[in-house]
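We just call them A, B, C and D in the order they show up, numbering each chain from 1.
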Amino acid sequence: MEKKGEENLPQGPLANLNEEYISVRSAQGRRVLFYPFALTFIIMLGVWVVLSGKFDPFHLSLGLISCAIVSYLSCDLLFPSPKIKGLLRQWARFIRYVPWLMVEIIKANLHVTYLVFHPRMMELIDPKIVKFRSKLQSDLALVTFANSITLTPGTITVDVSIDGDFKVHAIDKASGDPLPGAMEANIAKAFGEV
Amino acid sequence: MDIIVCLFLFAGLFFFTGGAVGILRFPDFYCRLHPAGKLDTLGLLLALIGLALFNLHHFSLGTLLTSAKIILIVVFVFLASPTATHAIVDAGVRAGLAPWTKGEKRR
Amino acid sequence: MKIIGLIIAVLTGALLIYGTVDFPGWADPASPASTHLSPHFIEKTMEETSVPNIVTAVLADYRSYDTMFETTVIFSGGVVCFILLRIFRRKEPEDRLYRHVLTGATIRVKEGGKIPPDSDDFERIDTLWTPHDLIIKTVCRLLIPFIQLFGLYVIAHGHHSPGGGFQGGVILGASIMLLAISQDLRTAVQRMREKVDALLSPTGVFIYAGTGALCLLLGLNFMDYSALASVLYVDPVTARSHGILIVEIGVGVAVMATIIWIYNNLSSAGKYDEGL
Amino acid sequence: MDNVFLYSGLYLAFLMLLSLYRPLFGPTVVDRMIGVNAIGSKTTVLLILIGLIFHRVEMFVDIALAYAMLNFLAVLAASRYFQKRKGLYDEAM
């Protein structure tokens, strides 16, 4: 389902929404569009080669058939909107975000491990719920942000609303305060929403 | 080579230990999710990277692909584990489970 | 009535236990199975069927008659769930709830009120209450195609890896169930309609039995896949290997459809409106 | 190296026993689910370790992947079931 911000809301009556708003819901009169199909097919083929590890013609043809079946069944799950322009650049930016996330994750884990093994752990932790509003727009950016929060310093996403309202459970003061902070900026950069 | 593999594996086991102990020690449901959601994920990442490296000992296309498959598991878990954590915490919130605050008795 | 059932169950159990007394000892090397059957399977499987995984060969070739009826049992399980649980005639609930997709507002439609059913802007939600969870929805949306591909891989590589029709079918079914869990049952049913389920489930059994019957028609025994050599234009050994693959596909289709069918009926108590 | 893997596997099994405390005695249903989830992620590593001990990794990787997927599905389904159909507190309360 496509999430649209305030400024993207259609001005006219709701009836003349176009196919930008195609949702997963509309599977009934589903059209299989070419570009999503082709992209899904290529990705699936790559995964198949890793999974299969056999390169004789028989298994490769089985792979082609399987990839076609999967792409036909669920290419609109992987690419719900038919717009795929600039997708490659976005993925490249996203891959640059991953190392930063890994460093953060390791720092977070050392912190939590320190808490776990601390003998007076009960005095150190001070759980509370932090609320804030994120400026991120698209679904994927919001979900990446939420999952990154869950993986990093002592915080777990409790709830995300469709407008970007976050509720986060932080285990102590030090981990809850810096939100949203640098992570949101990095994700905004990764998804081109600066 | 073996030393690097052991280093990774033991680091992973260390984080797994932290996760298991944390699940036991923390005072309430929300706090217990922190070790369960984070430490287990990182422990799995480190342990599986170590094992994938060890698998490359006899280098060939087959072992390379097997290692790639192990990395595929890591990627899958990194997508799935925060989501599962979120699903559990969501269930807790909807049920109206109040978070533990400082000074209360542990549950 | 309950006591009679208990007596019957206990009697049956006692009879079964009595029957096992005559079996050869546990892992007895001198038992007939270990002296004749197992060595034959271990030594000859590769040259007779060219399948490296002996378990697959035994399951789908040497003992294929057994496996065919296992598939049939699964199919009948689906049919039983359908017959017992499915409710066809029910009153439409008086109020229907819709969610406006773009804003997340919930709208209650009284009886008689109309919202265009094919609109993308409103989605039907349950009267009980369906959580709208962005994270779970999006992540599951991204993961489902890969899970489906993995299921197909497991079916196709039953010859070389631990897998085959049953396991792959379960994984394929699980992917559709994941859709039903992460969004709701209606979405999953729209993607995999009840009719399709009900047709695919016997189709799988039919593929299995039909392969066997084809062998019979081609002049060899039931389920002797080497008869397929003349149809597939390969030598008899490869034909047995391919025959196993066809049978595995049949099993996979049957298991997948049946599992989804059972899940749909169980989770919505046969009403097909509100999922888990 | 095999010995290292063997003892690591045994240690993992011990950790799983430790985590089993929550599913058995956890005060609420969600606590039990945390325990089950933790055991599941350890099992994935354990399966690959077993594969390395038996020198058949390429087989056990498939099993581990399938296990990870089904574990994820199980946790999701259980959480959805408990938040929709049941009261979340312990059955004894």
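Basically, a residue touches a chain if its C-beta (ideal position, glycine included) is under 8 Å from a C-beta of that chain, and two chains touch if they have at least 3 such contacts.
Bear in mind that the values here come from a model prediction, so they are computed numbers and not experimental data.
Number of steps on the shortest path from subunit A to subunit D, with steps defined by chain touch: 2. For the pairs A-B and C-D, the count of C-beta pairs in contact is higher at A-B.
We define each chain's centre as the mean of its Cα atoms; on that basis subunit A and subunit B are separated by 19 Å. For the pair subunit C and subunit D, the distance between C-alpha centroids works out to 24 Å. The centroid of the Cα atoms in subunit A and the matching centroid in subunit C are 31 Å apart. If you average the Cα atoms of subunit B and of subunit D, the two centres end up 11 Å apart. Shared interface positions of subunit B, i.e. residues touching 2 or more other chains, are given as 21, 33, 41, 62, 66, 69, 72, 76, 79-80, 82-83, 85-87, 90, 94. Shown for subunit D are the residues in touch with two or more other chains, namely 58, 62, 65, 69, 72, 76, 80, 83.
Within subunit C, the positions touching two or more other chains are listed as 131, 135-136, 139-140, 142-143, 146, 150.
In this structure, the chains touch in the following pairs: A-B, A-C, B-C, B-D, C-D. Note for the complex: subunit B touches subunit C at residues 76, 79-80, 82-83, 86-87, 90, 94. The part of subunit C that touches subunit D in the complex is made up of residues 128-129, 131, 136, 140, 143, 147, 150, 154, 161-163, 167, 171, 174, 177-178, 181-182, 276. Taken together, the subunit B residues at the contact with subunit D in this complex read 2, 5-6, 9, 12-13, 16-17, 19-21, 23-24, 29, 32-33, 36, 40-41, 43-44, 47-48, 51, 54-55, 62, 66, 69-70, 72-73, 76-77, 80-81, 83-85, 87-88, 90-92, 94-97, 107.
Within the complex formed with subunit B, the subunit C residues making contact are 131, 133, 135-136, 139-140, 142-143, 146. Those residues of subunit D lying in contact with subunit C across their complex are 58-59, 62-63, 65-66, 69-70, 72-73, 76-77, 80-81, 83-85.
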